[in-house]
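Pasting the structures here.
Each of the next two complexes has chain A plus one more chain, namely chain B in the first and chain C in the second.
Our next item is the complex of A and B:
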């Protein structure tokens, strides 16, 4: 090899302290990556940068962006992306897929139970307080049977690979998990830029997500409906995930609607069209529970449809995910997942849970307050990585502030040991080279009436700041195409 | 013996600027239950829009009106005919097994079953330091304690309209104990729940006496779950046990679940709303 040309991994620094998914501690590429490195290794870093910039520009040009909320400014950004994919082999994937389905099913049974007989609470497995003090537990859902018996049609499970080589679940997102459109866009961008590499790997397609989502939605149609009319309900173009809403509607071949496009008459939902009203049977709603019906929930909501919840209660329309599902998305419920899986399925969890301390329990609170420097503190009801404190990054004064906040409202916080997420070679603009960055994986699991599906792939999110562990896009994370290999 | 009531509910809404489009939901129809039977319902609105019957999130009957044409004024007139069983609320009081009653309300199954009516909501949260404002005497039955609480609230709050409004919290009521039925009912809910007794906020109509009729508003009271008996109604505004003058419309955790009128109106500028209720009884 010509020593004048800087190849893409020639200056890669392999920190042996970290669990690198591509290189072992001697710097030798692991099996599944060898072919890929041979293919990429012939290119100079300049060539790579050119391609990467073109791929990024195409994201902007297509409007594949999201918004970051801050106290003062709202910014439109592209999700940072690099062309070096992450590969998961078939054996590891099988564990992830089985584990994700197991969790989704257990959560669905849990939700049914806590909105019906509440046996798991009466049996003392899950404390009553976790439900009675949860803002996401909707009393209006008690006794309501969702069509097809499904609450969490769409689950986004966040998984990490720990330095011990095992996968752990960090959280289950079952309100309106987003990110699947990036999975598909990342694949498209990579195919456009480096089509040839796909000839050397048997990779599962990710573009079948939309057709499976549509099948799932159709499987939970209301009783008496033959061919259901499905729509995607978006809060509108100012929502951070608007691109995804429009993408999914287009890919499923269904209408994308806002609240004002729908109305309710005699407890049926209709869509206003130029050819007159058309009945709507299944709504994939990306509007939060409390905003979807101003007559039942927040009266000031301009995003919802007056009367929608009454139509749902009557069984005339299906909402996915079901209202009130967010109660099981609470990070305090997460800690009971091993017990929840055992209780409803009589199985041991396939995917590990990270050990969690509940600040609501006095003895655990004491431990947390004394060990903040070695823990991650998370608010139980925030999404998107907001409000997280990582103990070993805090100054003494900051630790005191966190301690005070926890003492003020212990129910609001849980703590977990700082997990050592695996790292993946990631292209960094500033240094114009590949560096190790922490990475996680959001998988997408669909649950319908007698049907389930896990997208073979997922969103590998990368923490772009060196050493950073928070990978959420709203916190400056990037992403990678993720390949699941065929057997 | 039974009583027949005729109830008229009138609402007038006037808007400064034309309304393009609006949805209203009225929670004003009396429920059918063991003590009352709805005989006739008639609802008219001045726009000639369709009245749709539906249910709110707790299964109580609602009337919804959607308008599609511009307007500035809307009147609604609803009349109900209802048969009410005459009953003596004290007639059903058993001999209480006091010890086991208190054990029951402390049990996990009981707390789980009645969870919706044991918690604090925005309107039933007692300010710090007032949690022990009224502590039950466990030597007495739950029912006797509730009767004492009813009288205590009746004496504590001075009935006065215009001091509080629909969004008043208990903190203000405790600071300046004046208010209307909504405030009496919220304080009852808060204090009974603080003593682990499931309590629901009830809205409805109150017939203010034979031969007496005139303008009035909708009324609010509470129902508590008394072991060995079931749900028992208390009217702290009048220091009464609920009787055949109380016509129930709906219940919920607090006023929020029972608001007689909810609406979404696409307009701007000021608006005026007024409603009144007339109740007549025929024996």
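Our next item is the complex of A and C:
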């Protein structure tokens, strides 16, 4: 390391208890990061702060923001972004990529099965009550054949690196996983601020996501359609992910529609254009299952399209992801993933699952209640990091409250050992220096008719509060550009 | 293109254009009054009343004393008033947001910057010392937006609809500026012995639509009511003239309606009809009954807008 490196990383406190992705326990940088540290070391803290501000301005001017309401005043904020990228080398990536595809395929077969013959239940691998008691199991989907045989066209897999150096899957998101636009924005922002660093690494591009997504959507067109008309369905511009919806529509060159732009006639879906109605064949919908069609689901929903589900059931339109996929990204189903992969693909899981205790099983419930202080308790049906209790952060009284909640409704909770997410040097505004922060990785996998794709990169989410393990943006998380290196 | 989004694009164009005219009206009237040749035109009350007349809130009661800071704030930055510049820019961005997937990143980024400039402008600075800075920035930023619209969008239906919005709004605002300045000229009549035909207000009017220099080049004479009306309404080469805007509207509607002889109920038919009518007008005819003329042309423009809504924005 040259002397400049010390200026920008000199106050970096390397806690040997944590698994640092950049420095080993002696504080020596790992090979793949050596060059990057030299390059970043050329900047003084002041220069770095300037670059950081420029990157923030880039996000702000592009309108990549979300709104917060404070004292009746609406303020626009950018998603916190860290300029120091995370690098994943080609060998590690290969494992992640294969593992993500394996999971997506297994989940797809699982969904087909539980909405058709339910063999996996009859064979006693997954208990029936796990499915029948799931709020996300849609009886309307029983017997429906989705075009192309695909349910989870788009999967977001949340992966962490544990202190043992191995990757573990924390969650499969196969309803409407979001975040992919930030992968692309993060790359753009980093290029604008520090283009020089890219010369020294062979990094895979992330901008090919939209073209692959369009190919996937076109591959699941309804029968009899030659060139399908694909659209993105958004709840509207006040939705927090609206930027992503508009980005994807623009990048694919397809229309971004709201429910009110569509109507159904004779079980076909049309959009209202300046030249009259035009038939729609494939809908990448970013509206939740229950809001999609007021005739079939929540009648008060104004976001949906009356009759959409009937058109889907007739096979006249394809919905991506299929309705009812939520049953399979339930955190209780997650715990059966190794068995599900084995059952449908006859393979051993490539990516590890975190060991999980089911509070619905009496013996495991007993263990959980006695060991709350060393476990993470999660409600099975919440997303976005809500409702999670981390045992070693709770006071005795709080533990009692959690114990009561679990006893009231054991089916609602699972527990896992507290996983130690790896840490990554992250620039912290308040201290004007780099500090260790926990990170995870959301990968994006696409599954179509005879086609699959994993975005080479992903969203590395950073928990900005010191010691915090929850990285979701709704809980104050930031993100980093993620480089997958070419062979 | 979706009918709803087409409506958003149309109004995005209109609000961008409207913001510019309101800002320019404030600027030109305020600053040209400072050294106007007669007492009345120089009076602050006269100018503030003219501003209120222009935004459609005329103050008839002569005994009311207007406060400069209040009027400037209301027209510039008051978020509660629909005619304020800040609201026009807000609406322009909101409409752009809904059509974000159709417009270029470059255009969106410029609209967004424009919005943040206006929204973050200090009210105190604006009303005390920032009028020039604020209004000049508005007119420059709208020029950038027009450049981005022309230079970064595909010249297809999306472009045509934005241009229809911009040009219909331009024609409307130019007429409204003419109306307001005509009203000023009537009020200023006799105060410095001049006839209404040679009022100082005609120069201000031309400056309000950024056409004074070119008008001088064209006529090489001090503007009169006749020459000003002729230039701003009937000269097809003047980029701000009403007939120029109508010609643009006519050109762009043909992108949406390509039929050789449009149906008599169509927007394209109505636009051709209006265009034909103004092509064969002359200024003296207009001056005879300027109020009647202004009312009629504003009605024509409203009818075109309503027809478009029915034909293309039905969702």
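Assume the second predicted complex is superposed on the first by the 469 of 487 C-alpha atoms of A that agree within 3 Å, B and C clash if a C-alpha of one lies under 4 Å from a C-alpha of the other, contacts with A are read in each partner's own complex, and residues count from 1 in each chain.
Everything below uses one rule, namely that contacts are C-beta pairs under 8 Å (C-beta built on N, C-alpha and C of every residue); 3 or more make two chains touch, one makes a residue touch a chain.
Since we're looking at a predicted model, the values are computed, not measured.
K.L.:
Once the shared chain is lined up, is A:124 touching chain B (first), chain C (second), both, or neither of them?
P.N.:
In the superposition, A:124 contacts chain B only.
K.L.:
Applying the touch criterion given at the start, work out whether A:271 contacts chain B, chain C, both or neither, answering first, second, both or neither.
P.N.:
After superposition on chain A, A:271 lies in contact with chain C alone.
K.L.:
In the overlaid three-chain picture, which partner chain does A:237 touch, first (chain B) or second (chain C), both, or neither?
P.N.:
Touch partner of A:237: chain C, not chain B.
K.L.:
Looking at A:309 after the superposition, I want to know if it touches chain B, chain C, both of them or none. Which is it: first, second, both, neither?
P.N.:
first
K.L.:
Touching A:62, do we find chain B (first), chain C (second), both, or neither?
P.N.:
second
K.L.:
So, does A:258 touch the first partner chain B, the second partner chain C, both, or neither?
P.N.:
Only chain C; A:258 stays clear of chain B.
K.L.:
So, does A:250 touch the first partner chain B, the second partner chain C, both, or neither?
P.N.:
Once the two structures are laid over each other on A, A:250 reaches chain C alone.
K.L.:
I'd like to know which partner A:28 touches here: chain B for first, chain C for second, both or neither.
P.N.:
Neither partner.
K.L.:
Over in the complex, which chain A residues touch chain B? Could you list them?
P.N.:
Residues 118, 121-122, 124, 128, 131-133, 138-140, 142, 263-267, 294-296, 299, 306-307, 309-310, 313-314 of chain A touch chain B in their complex.
K.L.:
If you look only at chain A, which of its residues touch chain C in the complex?
P.N.:
60-63, 232, 237, 242-243, 245-247, 249-250, 255-258, 260-261, 271-274
K.L.:
Show me the residue ranges of chain C that touch chain A in the complex, using the header's touch definition.
P.N.:
Those in contact with chain A are residues 1-6, 94, 97-98, 100-102, 105, 108-109, 112-113, 116, 157, 161, 256, 312-315.
K.L.:
Mind listing the chain B positions that touch chain A in their complex?
P.N.:
Listed in rising order, the residues are 23, 25, 52, 54-59, 62, 64, 66, 108-109, 111-113, 115-116, 118-119, 253, 262-264.
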